[in-house]
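You will see subunit A twice below: alongside subunit B first, and alongside subunit C after that.
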Partner chain A sequence: MATVYVNDKPVDIGNEKLNLIQAAQKAGVLIPHYCWHPALTVVASCRMCLVEVGERKPDGTVVMQPKVVPGCQTPAKDGTVIQTLTSRAVDAQHQTLEDILLNHPLDCPVCDKAGECMLQDYTYQFGSAKSRMIDEKNTPPNKPYIGDNVTLFTDRCIMCSRCVRFTREVAGTAELQIVNRGHHSEIDIFPGEPLNNKLSTNVVDLCPVGALCSKDFLYKHRVWNLKTKESVCPDCSTGCSIHLDGNKNIVYRLRPRYNPQAQGHFMCDDGRLGYHYVNSIERFLRPTVRREGKLTPLPWTEIASLVRRGFQSAAQKDGTSTVGVLSPFLTCEEAYLLAKFIKGLSPQARLALDSVPIVGEDDTYPKDRRGRPTEPVKFTIRAEKCPNRRGVEAILRHFQGEIISFEQVVRDAVEGRVQALYLAAGYPPRPSGWVSDTQAQGLQRVPLVVCHDLLPSPVSNFAHYVLPGAAWAEKDGTFVNHAGLAQAIHWGITPTGEVRTDGQVFFDLLERRGLAHAPTVRKEMAAEVPYFAALAGSDLGEYGILLESSQG
Partner chain B sequence: MPIAASDVKWVTTPMIGLIEQLYVPAILQGLQTTVRHAAKAMFGDGAITQQYPEVEPKLPPNYRGVHRLNRDEQGRVKCVACYMCSTACPAHCIDIVAAPSPWPDREKYPETFVIDELRCIYCGMCEQACPVDAIELTTLFDLTGMSRESMMFDKEKLLSVFDETVKAGTDPIRTRAGRLGVASELPADTGLASSSSAQS
Partner chain C sequence: MAEFEPVLLRRIAKKASPWLEAYRADGGYRALQKALDEMSPGQVVDAVKASGLRGRGGAGFPTGLKWTFLPKDHPGPIYMCINADESEPCTFNNRILMEEDPHQVLEGIILSCYATRAATAYLYLRYEYGRGYRVLQQAIDELYNNNLLGRNILGKDFHLDIFLHRGAGAYICGEETGLIESLEGKRAWPRIKPPFPAVEGAFRKPTVVNNIETVACVTHIIDRGVEWFKSMGVPPDPKNPRDAGSYGPKLYCISGHVNNPCCVELPMGITLRDLVDKHGGGVWKGRKAKGAIPGGISMGIMTEAEFDTPLDFAGPGKVGCLGLGTAAVTVFDEETSIVDVLHNICRFFSHESCGQCTPCREGTGWMLKIAERLRRGQGRLEDLKILEEVGDKIGIMPGTTICGLADGAGWPVKNAIRKFRPEFEQYIRSAEKSSLLELVGGH
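Moving on, here comes the complex of A and B:
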């Protein structure tokens, strides 16, 4: 048990190995810092975290060191005394900021980082409103291309070297480096070797100022207009925790959210830039029924009762010929509701798992300079490109014990053993597509096909009902990642057009009243499905809840 | 920086005496001004009725009418698409779409810039927020249109208001033509350097 005194306030830090920044954080005191980041090595180069440090001896006397020291590379131990408000510490922070601002341009109005910039924040809290600099500032030319997704505004850089350390330590590919010396140092790449690894855009989040900017988000919006929701990236089964930034029903960007149980601090570019289909104009906007070969729009109320009656009559004739196919892009709650609907028609009705997109193999970082993965692994981009296979499988196991694959459904359909088919797809547009043309041809023999999807596919070309699905950014619910970690997703934008969330559509099919409220459904599901019993509380917390991970 | 307790000066309302408590002198003092203005209007040459619309009124140059988007010396739009005006706008009537600028001396420019003149409350906050003095309110007040759409002023329209007002010589008084705003200048010019601010 170690006690640290932060500004004379004792804080118990237990047995953790912390530096002074982290110890002060425990006491609710912010020690400003730029170069230090919990996921990167310590260099203590920015000098922003200078504090006065001393030691409280067992007899109660305090001995202070005669100078300020960087908090990021000083370990906290029992009896450490941290003073951040003494004139020496305050002056040190003040002077460091003045030095950083000597060459930093005052272009906040046109800088994308403004509003979430650590230099703005610290200058406001610890710095001065004026500059004594009378000479001209260094204005090194910008480097618009240092990578496909990243651009560098060289003059804004404060040389914290976070990005350089990231590419060396986490990505491993070491594209970035510092060239020149002193006030002329710059971040740069080797000629012809751009920053194009799959983790490259993380340097934009790491950059404390607006030097490294994401080309995808560049000048798209000002950050203070964005509304942030906590969500989960749906693009692979790692299930990275993310911040979903949107405004006026448009998703503008995704940022990683720290989650030690899921992925850590970062996220990959595939996931970060893979959200654009949510804003796509090609998405289905209204429920339609195929009449005389043409898709005709109908109100939800009519279409829900038409679909329900179609499935009821099919199930009455032959229960096993009624099939619901659950996509691994559904949330657990939606899968639960749809399973309830299908199994409610007839106990013999069957549930299947829709195709699980697998692309290549798991991609691990760091890599070496030749792109070969090295140990220890710090980040994994998984081959399974869907967020919730395990959650949907748990639902399927609970409702029918076995998991029928999509291929099996297609085989049955070809043999004429499927009379009614509900495809809850909700797939993003990816090169391979979730259903091949031959599979779609096989399904064409089914007399009643409901395609509940986001975008046109070979199935929606002939399906009898095409229902618009809601994208993950529009839904509340739960995703279970590859390791059995259940995390809550929250809607950041509302569905466009007449689109309803999938849960609401299943509510209508089940003839349940009211709005589909994910936490309520989650509670009901937790009571019924033992696998989800741990989710009985209404809140899954910031980091999610690790379900029993013995299966699958 | 947060305000330090030592910088805060507390002011209390002074006690009023017997004369002030009667209020009569204050009322008479106020009436004096009223009578002076009435007399001037009745007997002097200060007739204030204006024959609008036959005679166009000459408005003071700090009047807050229709907006204009200023041009720089090369005739390009001065705006840098920083969204400060739309952020400051209490009526949310400014819509900007920014894009990388086609000119080498600037990073960002407004691809579209639309002000809903019907929604605008003409408070002038956009003008105050602008770091480069690109948006200004002019003395144009008689704004009419046949549809709501025609009252959505886009970039071209707002630039044409600039051209018109420059031609008519009715520049707003707030113009500091040719000079950029406070944020773009060295602190020495702004007077910040001379003022003694409390350093921590």
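Moving on, here comes the complex of A and C:
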């Protein structure tokens, strides 16, 4: 057990290998830092984390080093004394901030980073409002095209080199580099080799200032107006933890949220930039029924009872002809509620797993300069492009033991063995689509088709009922990733139009009263489905809960 | 002291042929033969340690001690890097050694590698030394042809390859870890220490980095013995337990405003005044000196009144300079404006700062901007305070940077301000009368 003294306060750091920044963090003391990042190598070059360090001998005497040292580079050992408030340490931090600001433009009013900028924060906390430099600042030209998704405001750069190290150590593709020397140093790419790897936009999050900006988010919104919720990226089965930033029913951006159990610190560009369909004007906005070939809006209450009755009468005639198809984009709670509804109609009613989109193969990073994956793997973009196959499968196994594929449902439909079909889809618009025209044609023979989806598809063109679904950004629930990690998602925006969350629709079908409150349903589900027993608590925590998982 | 007979420059003084045959005829490779025949590597290390030889590259770190930092019983490889990136302004002693007597240097390298058990040596040569490159390469070829390099040197179980590596022209490549990074093909950003190169250096293996003149001295320590080496120079100051003494001959470069710029070899401890007057032929044009840079620009500035300081490892420190450095003296005469000197210094370090650490990258740039403005006549008195403060606060001594470049950048600036303040103030005041300052918002 090691004890570290931070500003004279003893802190037990156990047996962890920590640097002084991390050790001080344990004591609740912030040592400001720029170049240091827990996922990258230490370079100790920004000199922001300078502190005074000493050692407390067993006899209680303290011997301090005669100079300041960078906290990121110095390991915390038993008896290490860290002083962040002595005049020497404060002066050093003050001086570093003054130096950084010498050539940093004061364009915060038009800078995307303003409001979440480490330079603003540290200057406020550790620096000075005045600069003693009266000479002109350096103004290197901006580089609008450094990559498809990233732009560089060269003059704002403070040369922490995080982005360079990221492309070398995590992405491995090493597009970024530093050119020139001294105070003329700049971040740049090799001509004709832009920053276009699939992890490229992470450099925007890593950038402590507004030098590297996301083209997707640039000038879209001031960050202090954004409302941030903790959620999970739905674009592949890695299930990256994310911050969902939205305001007034619009999603503005996704940012990775650190989760050692899921993906680490980063996320891929596919997931980060794949949210736009949530804001799409093409989305279904109200529940509709097909009358005389045209979709006619009806109030939810009427639609719910119409659908319920339709399914009830179909199930009375032949239980096996009633089929509910559960999409891997549903949360576990929604899958549970829909399964309850379908199985409640008749024990013979069948549940199927909707199509699971697979694109290519798992894509691992780092890669080498030729694009070949290398070991050890630091980030994986999975081929399975949905967030919750394992969770939905667990529900299916619980309710009927076996998992029926979507192809099987289509075959049965073609052979006339399906009388009522509930398609809970909720798919994002991706090039392949979740249902092909041929499959849709096969399903056309079913007398009652309910399509519960976000966007038009070959099925919604003929379905008897088209219900608007809620996107993942609009609902609460649980996703289970490829490794069996259950993580909570939270709504960041409210559904537009008459859209209700899927859980609420299923509540109506089940004739349950009240609001579909995901944590309550989760508790109920955990009590009933043994696979989810570990989720009985009301909170899944920041990092989620790893479920005892059988084969996935 | 009796007339000193040069050792390192002995063959150069008599204009002897630089090639192997002539070098051997003058007793060359006698020391190597002796070491391989009679001494174990450990004994060579002990001899160098006992001689008190200190690194000639600038920092003056005891060479033998540096060698003992290598891990014992390391499976290898161990690398020797020879620092010939002689980039300190006005320093040219290594150049003379390499171009005029390459075998003396190479023998020292072979001896040092024998002592440190290094099987590969990289000689990192600054790009500008084209002639040095050609001469050294030819000398190395001679050695390979004569069984003095390669496998089983002189029939013994000792193998060594020497590679010449040309830099691309950056001051920072003379910093030992910057040199290693550059050698590995990377940007010459000095590394954070620990680990020190002796533990993890070039290609992540134990590495020794030595200067050209240092290894040349090793040759003579083995050849003539430790006692001979210790017979000249300055013993340690008994009052200062950290002083390791300054023994042996040293090459002094004299340049600037003197009648006879040259490189002379003298025992350590000559005063700057003797050096300038006796060997440099005095200040040119019959003028008086205003000051001098004692050992490369990064060591600071001495005023004329301080010229009686002995140039050994401890001497310049006593008058507020950083150290002996490379012992390359640059004299400037009384007509020189100190503002110009300051501007030139700031321009150099701003250009050469590698840009890794914030205080050095921005500090040197800021000092240059101030110096430029000062020189234009738009200076303010508080600029002197800022210059002094920046000069004081950047570097490894206060702990704000990774390498010593920043110390070297700050030192001459604060020396200049402290030692020539009246001149600066007068310059600023005379300019204040004009309206220039209003243009920059200086009031």
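The rule is short, and it goes like this: the second predicted complex is superposed on the first by the 552 of 552 C-alpha atoms of A that agree within 3 Å, B and C clash if a C-alpha of one lies under 4 Å from a C-alpha of the other, contacts with A are read in each partner's own complex, and residues count from 1 in each chain.
Simple rule for what comes next: a residue touches a chain if its C-beta (ideal position, glycine included) is under 8 Å from a C-beta of that chain, and two chains touch if they have at least 3 such contacts.
Everything numeric in this text was worked out from a predicted model, so none of it was measured.
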item: Subunit A residues touched - subunit C or subunit B, whichever exceeds; value: C
item: Contacts of A:Lys294 with subunit B and subunit C, given as first, second, both or neither; value: neither
item: Which superposed partner A:Arg222 touches (first subunit B, second subunit C, both, neither); value: first
item: Which of subunit B and subunit C A:Arg370 touches, first, second, both or neither; value: neither
item: Partner chain in contact with A:Arg513 - subunit B first, subunit C second, else both or neither; value: neither
item: Subunit B versus subunit C as contact partner of A:Val43, first or second or both or neither; value: second
item: Contacts of A:Ala129 with subunit B and subunit C, given as first, second, both or neither; value: first
item: Touching partner for A:Leu102 - first (subunit B), second (subunit C), both, neither; value: second
item: Partner chain in contact with A:Ile158 - subunit B first, subunit C second, else both or neither; value: second
item: Where subunit A meets both subunit C and subunit B, residue numbers; value: 91, 132, 134
item: Subunit A partner contacts - residues on subunit B that touch it in the complex; value: 1-2, 80-84, 87, 98-100, 106-108, 131-132, 183-184, 186-188, 192-193, 197, 199-200
item: Touch list for subunit A against partner subunit B, complex; value: 90-91, 94, 106-110, 124-125, 128-132, 134, 142, 153, 218-220, 222, 224-225
item: Residue ranges of subunit C in contact with subunit A within the complex; value: 170, 187, 189, 192, 350-359, 361-366, 369-370, 372-373, 382, 386, 393, 396-402, 440-442
item: Subunit C-touching residues of subunit A, taken from the complex the two chains share; value: 42-48, 50, 65, 67-70, 73, 91-92, 95-96, 99-100, 102-103, 132-136, 138, 158-159, 178, 180-185
